[in-house]
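So that you can tell them apart, the chains are marked A, B, C, D, E and F in the order they are listed, and the count of residues begins at 1 in each.
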Amino acid sequence: MKMIDVAGKAATVREAVARGRLRCSKAALAAVKAGRVEKGDVLAAARLAGILAAKHTPDIVPLCHPIALSGVEVDVGLVRGGVAIEARARTVERTGVEMEALAAVMGAALCVYDMLKSIDRGMVIEEVALWRKAGGRSGTWRRAAG
Amino acid sequence: MKMIDVAGKAATVREAVARGRLRCSKAALAAVKAGRVEKGDVLAAARLAGILAAKHTPDIVPLCHPIALSGVEVDVGLVRGGVAIEARARTVERTGVEMEALAAVMGAALCVYDMLKSIDRGMVIEEVALWRKAGGRSGTWRRAAG
Amino acid sequence: MKMIDVAGKAATVREAVARGRLRCSKAALAAVKAGRVEKGDVLAAARLAGILAAKHTPDIVPLCHPIALSGVEVDVGLVRGGVAIEARARTVERTGVEMEALAAVMGAALCVYDMLKSIDRGMVIEEVALWRKAGGRSGTWRRAAG
Amino acid sequence: MKMIDVAGKAATVREAVARGRLRCSKAALAAVKAGRVEKGDVLAAARLAGILAAKHTPDIVPLCHPIALSGVEVDVGLVRGGVAIEARARTVERTGVEMEALAAVMGAALCVYDMLKSIDRGMVIEEVALWRKAGGRSGTWRRAAG
Amino acid sequence: MKMIDVAGKAATVREAVARGRLRCSKAALAAVKAGRVEKGDVLAAARLAGILAAKHTPDIVPLCHPIALSGVEVDVGLVRGGVAIEARARTVERTGVEMEALAAVMGAALCVYDMLKSIDRGMVIEEVALWRKAGGRSGTWRRAAG
Amino acid sequence: MKMIDVAGKAATVREAVARGRLRCSKAALAAVKAGRVEKGDVLAAARLAGILAAKHTPDIVPLCHPIALSGVEVDVGLVRGGVAIEARARTVERTGVEMEALAAVMGAALCVYDMLKSIDRGMVIEEVALWRKAGGRSGTWRRAAG
């Protein structure tokens, strides 16, 4: 196992966008909407958790390079049946930020789960996937429709 | 927002089991089976990534208590269409370990994604959920069938 | 230098309350009040930053024991001339949580500074101090008035 | 909330200097001077704590970018009534290091507090502020006199 | 791979002592003795690095349990031909602290290497071993003479 | 004490190779060879532990710069009398990666120790040293034979 050497690659702007959802009960959703969650503001905390997860990616994914992230943005919003998350990570480095974007989605989803678990233990995190990737030798990649 | 005080709860054995899957292409699956993944042994790395994620849970989930985990076990296996992950966390503390078990599933899934992304960028992490929870005041909870 | 051994002490409920303030310009204060801070919700982020700082205390304070915190609560509110912070940390351990409470105040103050620094670089963090401490052999301590 | 993207900024030398003080009792000050502090060399430990805090800034300040610090220097000295701290952080990055310099002052102050708290629990950390900032688009900023 | 579950073990006082040495040139040794090392006080920094390494053991050793250390003490002294290190870790937990004591020796040795490497790049860390272990089901173990 | 400023140095490719060994009993060696170690695949875990240690170097070595590692590779193999470890770290930064390579050797050695300690507590980590260093102002350095 090795952290593949990227010293020979160019440091260019690289971006990745990942998305995911957390499916929860109506009661859990209603509690968020009404601001009645004991632990506090769910959506604000989830956004920060996503950013933290992006920054801690190399602590968790063993072969992931530690990099200087230039920006991370996490959108967390209520949708029918649950919570939708989109994370966007950017860097000017020799390696992509797909893992950071995916980790951000996961961190946000875990945080929502944590804050709502006293209401609904059956929540499901689903459809966590890369949506777009730009920069680097392989250029832009977009998730195929459907 | 607050990390809810659990000082008044009893320190008892608490356990949580979470599961999830990573859906990937046949090519990615074949590469794992054949041991032809450039970054190394995918399943071994994923198990460790799951354990690391469990230990780093409080760094990522803002309101999660830092605790002494007594054990973490992560099973990662190939199934039809992808990789199945099951994580089991245990502790003797005043708070449950659902978040650690869920984080372990996520860490393992992220690690598999990281090691296979050069083969398949379209992989999807799905159905990450708590399966069982035991110990503590609320007793045992099991995921309903279906 | 040594991390003093506390194995001989009893694991009892210990609590600490610390306070501090951040003095800022009227423009900075007005931006928070009006919700016009580009980086987002200042008070929510500061509460979480305080909790994170409490959890990371042993990474920063070399001789501080790593402990299982049972609860951390951080209040951040606007006052005349700036922001007032109060942090309360609790544990059931062999050592007190003064450092965690003080670190929480500092983390919250740093976060507020970070979010407002584009408006006011001259902000001052001041009067960070322990206010109360309970539990353990030395019993309760309260800050003297004045 | 978002970690603002700085990919479009130039990677230039950026520096920040922050200062702060810890006010303590004569007994605490005398113990440091005489080298009679049970936990060890207070000033040496505080310098290192400041450097550690600078490195851990992105773990604590949620929206802070993780960066490669090129240098950190922390001066900790005894003054009338307490301890004076000055921290200087430098980097060659796309974002400034004000937060790292301020965190370094705080880390050093917390460490001094930790080592002297058995002598004086009433110590106060005060006047933590940015003193100078250089580099980047906004150029040099200096704290106004008074 | 798994972090073996210790929930069934008793939380008792456990202690471990580890030792190691760093062999260096006369020039490097003389620089330490004379206090002429540009980076600062080598022995003080090494003691703290040992304590930090003990606290970060679970971040590095994948299957190591995160625990509340009750005390860590690191002695670093000059001997003929180099530097001798002894670390003592203690806890009241369900698992031993051998890894923490060994990690402390390693952290101290790495720190000495870091501070002296501009004088002597050929230094060797050697004879890092457990010396004594007490507590827990297996009782006391002592390194055999010779 | 200070983290020496390297802002004035050029960001160039820098590499370091370090080696070390873990001496263990025949029984321990046989268990690894036969795949009969309860905790799992020793060599795979040790490789990952080495990479983790390289990434956590700045958390442990106080004056070490936090940098973006471009690659880390850790070889762990069975030899007569024990386990041989070689780590190679690379970066494109203003400072060398000797400490990261040495930390990787140590992390791998500690992990092997952890997984085999139930079989042999007397294992010794030895001859941990820098073997080669390239890049930067001081150019290439190689360990002298013998």
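In this section, a contact is a pair of C-beta atoms (placed from the backbone, for glycine too) under 8 Å apart; a residue touches a chain by one contact, two chains touch by 3 or more.
Nothing here was measured: the structure is a model prediction, and the numbers come from that model.
Between the contact lists of chain B and chain C, the overlap consists of A, E.
Just to note, of A-C and A-F, the chains joined by more C-beta pairs in contact are A-F. Taken over every residue number at the interface, the positions common to chain B and chain E amount to under half, indicating a different-residue contact. Spacing of chain A relative to chain E, judged by their CA centroids, is 37 angstrom.
Separating the centre of chain A from that of chain D, both taken as means of CA atoms, is a distance of 31 Å. Chain E and chain F have Cα centroids lying 16 Å from one another. If you average the Cα atoms of chain D and of chain E, the two centres end up 28 Å apart.
Residue positions of chain F touching 2 or more other chains, listed in rising order: 1-2, 4, 40-41, 44-45, 47-48, 52, 56, 59, 62-63, 66-68.
Chain contact topology: the protein chains form a pattern that is neither a line, a ring, a star nor a complete graph.
Taken pair by pair, the chains that touch are A-B, A-C, A-D, A-F, B-C, B-E, B-F, C-D, C-E, D-E, D-F, E-F.
Remark: chain D residues 40-41, 44-45, 47-48, 52 touch chain E in the complex.
Listed in rising order, the residues of chain F touching chain D in the complex are 1-7, 11, 58-59, 62-63, 65-68, 93-95.
Residues 1-2, 4, 20, 38-41, 44-45, 48-49, 52-53, 56-57, 59-64, 98-99, 102-103, 106-107, 109-111, 113-115, 117, 121-130, 133, 141, 143-144 of chain D are the ones touching chain C in the complex. Those residues of chain C whose C-beta lies close enough to touch chain B in the complex are 13, 44, 47-48, 51-52, 55-56, 66-74, 90-92.
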